[in-house]
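Both complexes below contain subunit A, partnered by subunit B and then by subunit C.
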Partner chain A sequence: MAVLTYRDALTQALREELQRDDRVFLMGEEVAQYNGAYKVSKGLLDEFGPMRIVDTPITELGFAGIGVGAAMVGLRPIVEFMTWNFALLALDEVVNAAAKTFYMSGGQFKIPMVFRGPNGAALQLAAQHSQAWESWLAHIPGLKVLTPGTPADAKGLLKSAIRDDNPVVFLEGEMLYNTKGEVPEEEYLTPIGVAELKREGDHCSLITHGKMVLVAMRVADDLAKEGINIDVVDLRTVRPMDVEAISRSVQKTNRAVVLEEGWEICGMGSQVVDFIQRECFDDLDSPVLRVHQEDVPMPYAKNLERAAKPDAGKTVAAIKKVMYLD
Partner chain B sequence: MATKVVMEALSPTMEEGRLVKWNKNEGDQVKSGDVLAEVETDKAVMELVARGDGVLRKRLANEGDASPVGTLLAVIANADENIDSIVAGAGAPAAASSASAQQAQAQQPSQGATPNRAVADTKETASKSPVPQSPAQSQGEASTPPQQKTAAPRAAAPPPPPASRPAPPRPPAPSAPRGNGASKAPADGRQRSSPLARRLATERGIQLGSVQGSGPGGRIVKRDIENARATASAGVAAGRSAAAERLAKEGDYKDVPLTQIRKTIARRLSESNGPIPTFFLTAELDATRAAEMRTQLAEMGDNYKASFNDIVIKAVALALTEHPEVNAHWLGDAIRQFNRAHVAMAVAVEDGLITPVLFDADQLTLWEISAKARDLAKRARERKLQPDEYTGSTFSVSNLGMFGIDQFTAIINPPEAGILAIGGVEEKPIAVDGQLEVRSRMRVTMSCDHRVIDGATGAKFLQTVRGYIENPLSLLI
Partner chain C sequence: MSTETKRTPSQKAPRKDKGEPSNNGADAQQDDFGGTTPELRRELLRSMLGQRRFEEKCAEAYALGKIGGFCHLYIGQEAISTGVMSMIRPDDYVITAYRDHGQALARGISPRAIMAELFGREAGCSHGKGGSMHLFDADTNFLGGHGIVGGHVPIAAGVGFAIKYRRGNQVCICFFGEAAVNIGAFHEALNMASLWNLPVIFIIENNRYGMGTAISRSTANEDVAIRAQGYRMDGESVDGQDVFAVRKCIERAVERARKEKRPTLIEMKTYRFMGHSMSDAVSGTYRTKEELEENMKRDPILVLHNRMYEAGELTEGEMHKMDDEAKAIAQDAWDFADASPEPPLDHLYTDVYSDTTS
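The block that comes next holds the complex of A and B.
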């Protein structure tokens, strides 16, 4: 298997799907001539030309709407947001147009499109530009929400997203783009709605998604040194969520911690905990704990930002607590 | 971590205990399992053991003090640990809500009502009360008293306000690394246990009340259930689970659903004759050959001595295995017929009586019964019996022959269906085959719960008993 960056894995996925289906096109700020703000679309303008790789004005609501319209008439748009923080301006199109048109048209209009871009905090981008939006988006019936944490999943899931006939929200991470991982050489699709057990252990289930998968793997390594072996359940897709995979793991370990990048209240972890209490009530040996961003706007100061973010130390502490080891 | 030493429920019916003697002084190093004190319960003098390691920092009860179950008696902690807050909370026995007290009583109609003995039908209680009530627990790691069947302290206060519950998650605080606030003990009198622990306990037939919780606030968690078997070798926990095993095993009994006629008989007779519609069957047995056998056995040496009481117990036990309809418990909605014979015998003690049990008495030799009965009676008088030694019987005998009583009626111990009252053996002139002979005669009277046993059923059982006693060699085979 080749070792690729998350960024290059995404580029491969885009290229393969642009080649495979000429209804697919990419649209967004700086995606063409500048090769993308984070260089995900590097080289695509040269290969596919300005009709397929389209630079837009700085008008999130506008080009998101154009995307929905294009999807209604049979194209398969990929709308790139420079970051999901900017996509707030476009949420009316995402939530009211993309997510609901199939339903409100009585099935006459499919919306086979992808909204993608980096999500969550990077480093010192401050309160307005350091936000994880998956729980907002996963709240909406009609959307699928994908949160790949590794290059292989990024590629496999983006290809699945592009081929899906529903609007798919695809959440990447600025801090993820340079991370590396093995990616199969041959073509493959990662199924939407299927979690992956990224690490196996009997003592506790650590359920996570997106950028936090990397943190979870570090936690698993750290705990293994102490003889604690955990399941790392990477949800990969937060909507639809793989409840079965969660239950399977928790029924085995009897304990769970949910790790996510966003805030506590109504976060993705809330939903995971709800599934666990419903599906695994008699299997639980301790309350499920959550690790998440502190309930404050992201501080700019480096030390405060570090304190506000979920991290390996907080996760280890939570796992020891549910194991009654603290 | 400080460990609270509380008045534990050391017997199924214990509501309070009197601290007889401290075995450890303040400042003594103690280990988990060390005997801290002797406590007199309603039935026996029991050992109160440490549930944690450390120094016995403070004794809060004096010898002679009687305290309700749950009362803080002492504190075990590290030598330099601040225990002021724990000590400050002393004197207030953990209150169980009156509702739970009622519930506990409602679930144990058979408990403590009769003067004869306290039956602990552990199986029944276990199945009906999967989450036992218990006094509130401390913040100690392992200090939940093993309480389950005990009714709440009489002077149960209303549950305290929920102020001391762990704070629910609030928006400004992160939920995961929230420190140890969650280990604050709840003060509402509930025994905490994880759903998994409850499930495992049910599956394994372990009574949660007999398990020491090691989680926050004394919560019983998976590892406590897993350890429960291992540690069940000493103390009350052992007694409880052993007793539970004795009665709880599938295959040891058969539950017979009530037929309509049975239900009607039960209802009508209860209306007529109190909660247990009892009737009595008296038979005079010929004990001549039994008396001869006793004499011969005694000549063989002390090891072979057997009393009339031992002979009757053996005969009754054998007869019970042949008459499961008599070897039965009344469960209210079914009759539980046992295929093992656990025979309780009433023993007079200084201020009452107690009924130690000869388990599987049909399997014991006459001499084993004799030895066990002597030992049980001796320890009963010394109040040294463990709870599992006087609970779990399927039938009872009571003997007043040694007091010169010819014949009497005994009170049934619910949920048992019968008890056999044994009078004294005396020589009487009696017609045998038309000839007057002097024979040893013994009168036995069986009290029968008519909901379970009909006249003919009881009579047939007594016939079998008669057969064994009048042909006593059959007891030696």
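The block that comes next holds the complex of A and C.
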């Protein structure tokens, strides 16, 4: 297997799918001449030309709607948001148009498209640029929401997203683009809606997704040194969510911690905990705990930002607590 | 509620004195039938009458609780839907806002399928999942019925983008009300449509009220067609009560879209004879009865009828017959919808996701 960055894995997925299907095109701010704000679309303009790699004005609502219209009549748009923070301006098209048209039309008009871009906090970008949106988006029937945490999943899930006939929200991570991992050389698709057990252990289940997968792996390594072995369940897709994978793990370990990047109230973790209490009520040896961003807008100062974010230390503490070790 | 007033189209209208001052400038084209044949003029009249009688039935059904939710009637604006649809091809695309019954009928969706949709039945054109505001029909490239003001304007630009992407020569017609020109989506879409040369015809149906707010209270410059200039786009303003003026203007815009691949912004000046929706008073709150009555003198059906009558190509008997046919079609749609089954309960969960991939 080749070792690739998350960024290069995404670029490969885009290139392969653009080559495979000429209905696929990429549209967004700075995706063409500038090669992408985060260089995910590097080289694609040269290879596919300006009709398929399309620079837009700064007009999120407008080009999200253009994507929906093009998808409605048979193209397969990939709309890139420079960050999901800017996509808030486009949510009417994502929620009211993309997610609902298939249903409202009684199944006549599919919307095969992908909305993608970096989600969540990077470093010291302050409150407006540091937000994780998955629970907002996962709330909406009609959308699929994908949150790959590794290069291999980024590539395999993006290819699946592009081939899916539904609107797919694809959440990347600014801090993930430079991370590396093994990626199969041959063509593969990662199935949507299937979690992956990324680490196996009997003592506790750590359920997470997206950028927090890396934190979870570090936590698993640290705890292993103390003789504590945990399951790391990477959801990979938060809608649809792989409830069976969650249940399988919790029924084995009898304890769970849910780790996410976003805020506590109505966060993804709330949903995971709800599934656990329904599916695994009799299996639990302790209450399920959650680790998430503190309930404040993201501050700028380095020390405050660090304190606001979920991290390995907070996660280790939560795991020890559910194991009654603290 | 019914528009069956003393000015029903089937009644003989007073002949206009040629010296009479023109009303909205429309009479200037009194003798210009825009190159139409008498047969086509009958078709246009039939189309407009069909919408009118259909929607009068809608009002009746709403009052009886057979139609629920929001129901926005098009009565008074039929020259626009009929005029526009008569100038485009079956492979062109149409997208519109929530006042969509007239356009759906004029585009050729069956009255039965539309009424069944309004009644919430499986045989409806959206299988009972859309209702009045969300009529869809893949067979006629009718891309909906959209409920968020201005939200579908970028979608129209996207359809135009797809036409260009495939090097097609279709056009996309996008209808919306004048109140939508103040929302961001309108500006974002017009900018890209012009920047990228997209074959979209943006039609502002200016009925002068965004719900209950008069354009003078909402819009700094009431000349809404002038907004085209801000986007280096051709813009026109026409009398939307005159089906021939509508057709001429659309002919120019369609040619511009097909040959020059350029978008157009058109203001069609019109007036809605009913309230904003069925729960809204027809007059008395935000507009006066006098204003309404003054505008109803330019009922688009009456305008066309009078001109055909004056040209001696339509007898009163023929008009009555045509009107009776329109009423019969509306009644048939009602009967069909009323007898149609509701969607099966398990359809609640279908069409949320497509299970296909490409």
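Throughout what follows, the second predicted complex is superposed on the first by the 326 of 326 C-alpha atoms of A that agree within 3 Å, B and C clash if a C-alpha of one lies under 4 Å from a C-alpha of the other, contacts with A are read in each partner's own complex, and residues count from 1 in each chain.
Simple rule for what comes next: contacts are C-beta pairs under 8 Å (C-beta built on N, C-alpha and C of every residue); 3 or more make two chains touch, one makes a residue touch a chain.
Nothing here was measured: the structure is a model prediction, and the numbers come from that model.
Of the two partner chains placed by superposition, only subunit C is touched by A:164; subunit B is not. By the touch criterion stated above, A:103 is placed in contact with subunit C alone, subunit B being left untouched. Once the two complexes are laid over each other on the shared chain, residue contacts for A:51 go to subunit C alone; subunit B is not touched.
Using the contact criterion defined above for the overlaid structures, shared-chain residue A:59 touches subunit C, although it does not reach subunit B. When both complexes are overlaid on chain A, the residue A:298 reaches neither subunit B nor subunit C.
Of the two partner chains, subunit C is the only one that A:70 touches; subunit B does not reach it. Among subunit B and subunit C, the chain that touches a larger number of residues in subunit A is C.
Shared interface residues of subunit A (contacting subunit B in one complex, subunit C in the other): none.
Subunit C meets subunit A in the complex at residues 93, 95, 124-130, 134, 136-138, 143-148, 151-163, 165, 172, 184-185, 188-189, 191-192, 195, 350-354, 356-358. Considering their complex, residues 21, 23, 25, 51, 56-57, 59, 61-77, 92-93, 96-97, 101-110, 112, 141-142, 144, 160, 163-166 of subunit A touch subunit C. On the side of subunit B, the complex with subunit A involves touching residues 169, 171-177, 180, 182, 194-199, 214-216, 221-223. Across the complex, subunit B is touched by residues 254, 257, 264-265, 281-286, 289-292, 294-295, 314-315, 317-318, 321, 324, 326 of subunit A.
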